[in-house]
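We call the chains A, B and C, going by the order they appear; numbering starts again at 1 in every chain.
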Amino acid sequence: MATELILPRVDMDMAEGKIAYWYVKDGDQVTKGQVLFEIETDKATMEVDAPAAGIVAGLCGEIGEVMPVGQVVGWILAPGEGLPSAAEPPVEAAVAEGPLPAPASVSSPEPAPAPAAPPVVAADPVAAGAPLLRATPLARSLAREHGIELRSLIGSGPQGRIVGADVPVGAGGNRTSPLHLHWWQRGSGAPVVLLHGFGADHAGWRPLVSLLPPDMPLIGIDLPNHGKSGRLPVESLQDLADAVLRRLDQEGVDRFHLLGHSLGGGTALAAAALARDRVRSLTVLAPAGLGADIDGAFIDGLVSAQTESALRAVLLRLFHDPAVLSGSFVATAFQQLQAPGRQAALAALAARLMPAGRQAGSAGVAWPTLRVPIKVVWGRADRILPIAHAADLPGRVAVHLLHDVGHLPQVEAAGLVAELLQQQWRAAEAA
Amino acid sequence: MSAENAASRELTYSQAIQEALALAMERDDRVFLMGEDIGVYGGAFQVTGDLVHRFGEDRVMDTPISELGGAGVAVGAALLGQRPVFEFQFSDFAALAMEQIVNQAAKIRYMLGGKASVPLVMRFPSGSGTGAAAQHSQSLEAWLAHVPGLKVVQPSTPHDAKGMLLAAIEDPDPVMFFEHKLLYKMKGPVPEGYYTEPLHEARVRRVGDQVTIAANSIMVHKALDAAEQLAAEGISAEVIDLRSLRPMDYRTVIDSVCKTTRLVCVYEGTKQFGIGTEVAAAIAESDAFDRLDAPIVRLGGADCPLPYNPDLERAAVPQVPDIVAAVRRTVQGGR
Amino acid sequence: MTGVPSQEGVPAIFRRFSVPALHGVLRQMHLIRQFEEGAEQAYMRGLVHGTMHLSIGQEASATGVCAVLEPGDYITSTHRGHGHCIAKGAEAKYMFAEFFGKDTGYCRGRGGSMHIADVASGNLGANGIVGGGMPIAVGAALALKQRRLPNVAICFFGDGANNEGAFHESLNMAAIWKLPVVFVCENNQYGMSTSTERSTAVKRIAQRAVAYDMPGVTVDGNDFACVAEAAAEAVDRARRGEGPSLLECMTYRHRGHSKSDRNRYRTKEEIDAWIALDPIGRFEQTLLQHGLIDAAQIEALVADVAREIDDAVEFARNSPAPELSSLTSFVYTHVPGETAHVR
């Protein structure tokens, strides 16, 4: 059976380390206990031994690259074994020396499905051909009891193991929505439901919320696999919309306004189409689902960033003015991405909704026919989703194109967005 | 007989045992003590103290250094209805007496079709931490817990030491009573008067809901310390004091794991084939299996004889930081 | 009871016994002999599981010691203990039932040949461990002394046991505490296959008594009178509170150690020579010689024993086996609480 090589923890408080030296390369035969590589931590340099005898393969730890403890850096195979297909090294990983040799009966690894999205912590159990589905007994029994397919779930446990929390059942064991919902403000009238974008969560709306009148009821919902929400299988914007609507049903919210950004925007458009009678107004900022284009490199960078500095470089793409990106924004975003299994879950979602730099989801054509106030707001300097997607919208839809604003109008033009939202809300409530 | 209404005062673990022995001997003429140096010397760990002056040499008998013979004498006396309490000076010396403990005391009742019983108690000072090294520091309760026909208990507090010893002396079957040397000076509330604690019930020492720590003897206290530290990190651990190894109260552990979904076993005896091994296997076999949300973890003694050097000695058995790290890993889903 | 009147040549010890009592001893010896032969037959017929250790040829030491005991006295025995059990009053039918593994056996089918016991009648049991019963006998004697009872414990053991640590620890403790225990060694000159000559540093086991400061005496173990006399002296001494003694009975087992023994370690000549010294024949001769029994009585007695044996075997064959559901019964006196954890 293939033995994983990981970056081991060698000190009591070690969270990350780097490989300082490789003693072996792919194809080398090693004995158990033979030194494979040296790792460097804050405190010391240590040799790491082979946990088993066999043939080294799939080495993918770059020298000097800071990695979290537990990251897979290669494999030891028995003769005749192939690499587990969910763990191929990314094409550009620097292996110590030489090409990937193919000892007589070892099959050569297949090319990675999403070229720049190496699985970091968890292996995706849904990936084609993955033989081992890791799930705890608790997860298995919950899934069995509620008729949920284990393979549709994404595991947040070590090695991609599906744990109890990954199975969408409520505390009472009922099949309730696992989505987290937060009331910022309560008041009379239909509440505004704010839906965040990919990789974010409801808390990111806080700065905008502080600009809104205190009597406007406001709800934030974390999309599936984001924030504090549980995991759900998601294949389309409609799946996201469906989950949001079920959560609102559970909360007893019948009529509502929608404000969505990016992925949340696409979700809002799909939700409006599904719940025509309940939506009072619809406001979307740089929404997904209106075209195929998307900055794939941004998505890939987000799901694979391992350091704050790497993430910062990615996040800069969101803004027109780089000075707007604060250290605390980066730090918060980074910390959220470090939640166990988070990046893997996001990568899996991206693989479904925006694979290989193209949007697979569509908001459909029904939403513009709603007889409620509809606004689409877009920054002209948006590098993630192009404003061209707003070019051919029907006349009923009010389109606001903003100068000197990137992909986050709610940050770079917060005041205007707040003003527009209030217009939407008052207009609909007055009607 | 309950201790709920009796006045309580602070006694050390060893004082609690002495009090139990005295109460038992006062109450029942058949009870007598045997062991090396338990008379005027007061016992190697000063547990028997001045009992010889209160009860005489006929009831507090110094034996020659003859563990095998002495254990057998206890068996013979018990067969005739006496109630001997045999003190081994160190639990390690049980090895010399295994013939009489395992082949005779444990099996006589069964081999005789239930027509006889061996109501003896054997006391074993055990455990490491005193620098006594390999032959005087072992935790061998797993050896004896493996044998049908014996009862094996391990109280962790002065209160339990007194109550469980009195119950053990009353018990009609052979009871192996394990005491940890480092617990002898531990103080705790002990009710006055005669009371017994059941020999087959574990106790939940700390309620929690994210992970169950099942421990025995001194490890219960280490687990409680660890749980306190973990609480500050937001991890809620439930600590179970097994108290009795044979018969073991599996139900308490099963119910706990069904609630918490995670189990860490902490024990001083060698990890392999040890007490925690039994608990882990029993849980995996039980209805708690479907509730397990993380692999079961065993923290046991290192795979070597107990070393002399104090740092090595400490490293050879689980300590509080080891328990904290293991529990944290289990709850947070580490490797 | 009036003992046998003293007469020229009659062993002095006979005075302790009435004539019917002496007949009882002979009957017991025949019972042991026929019991052993019956057990052997049953074994060869496949009715007995495991193996057995026969004491054919050692009847005098068992009966000679037990004849001087009171009902409240105790014995511990060895793996070759059928004779001791019968001499202490065990009934053949319950012994056969035990050999056949039946629920009516002395140990409810759980002990077998090596563990026959009847604690209620003072038999603390045969023992499968060489030397296992020795400290137990000392413990029984301790309990008797603690209870201030005038009874004694007899510790039967074989020559093999005298090299076990338990032998030395037991004699030492019995001596320092002056306990009412008599150590009776049936020296049949072979452990399993190793002769005492090759295994034991002293020529006579009784020599070891001096190391533990107690009287030690060697007697002809195939002569009922010799054994009974020495036993009486030791038992009386113990009852008086003067402490333990060591009694060595020189004897011989006609059969091998167990049923798998091929007798490779001794010669046919040696075996035949000892068979000629058969204790039963010699006792009969002594009784006949002094007019204490006649041939017809012997014949009647032997026939009666034969009937008893036949009835015992029949009883055992017809007895029920233990229920499988009772497999783990009798391990403990009582098991509190729930211990089952199977799903």
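Simple rule for what comes next: a contact is a pair of C-beta atoms (placed from the backbone, for glycine too) under 8 Å apart; a residue touches a chain by one contact, two chains touch by 3 or more.
Small disclaimer: the values here were computed from a predicted structure and weren't measured.
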If chain C were absent, into what connected groups would the remaining chains fall? one piece
Of the chains shown, whose Cα centre falls closest to the middle of all protein Cα atoms? B
Taking each chain's centre as the mean of its C-alpha atoms, which one ends up farthest from the centre of chain C? A
Centre-of-Cα separation between chain C and chain B, whole angstrom: 40
Chain A and chain C, separation of their C-alpha mean positions in angstrom: 84
Find the geometric centre of each of chain A and chain B from their Cα atoms only, then give the gap between the two centres in Å, rounded to an integer. 51
Which chain B residues touch at least two other chains? 289
Chain C - residues contacting chain B, complex: 74, 76, 105-111, 115, 117-120, 124-125, 127-129, 132, 134-144, 146-147, 153, 165-166, 168-170, 172-173, 176-177, 328-339, 341-343
Quick check on the complex: what are the chain A residues that touch chain B? 6, 9, 12, 69-70, 136-141, 156-158, 161, 163-164, 340
If we count contacts the way the header does, which residues on chain B are in touch with chain A in the complex? 261, 289-294, 321, 325, 332-335
Give the list of chain B residues in touch with chain C in this complex. 32, 58, 61, 63-64, 66, 68-82, 84, 99-100, 103-104, 108-117, 148-149, 151, 171-173, 198-201, 247-251, 254, 282, 285-287, 289
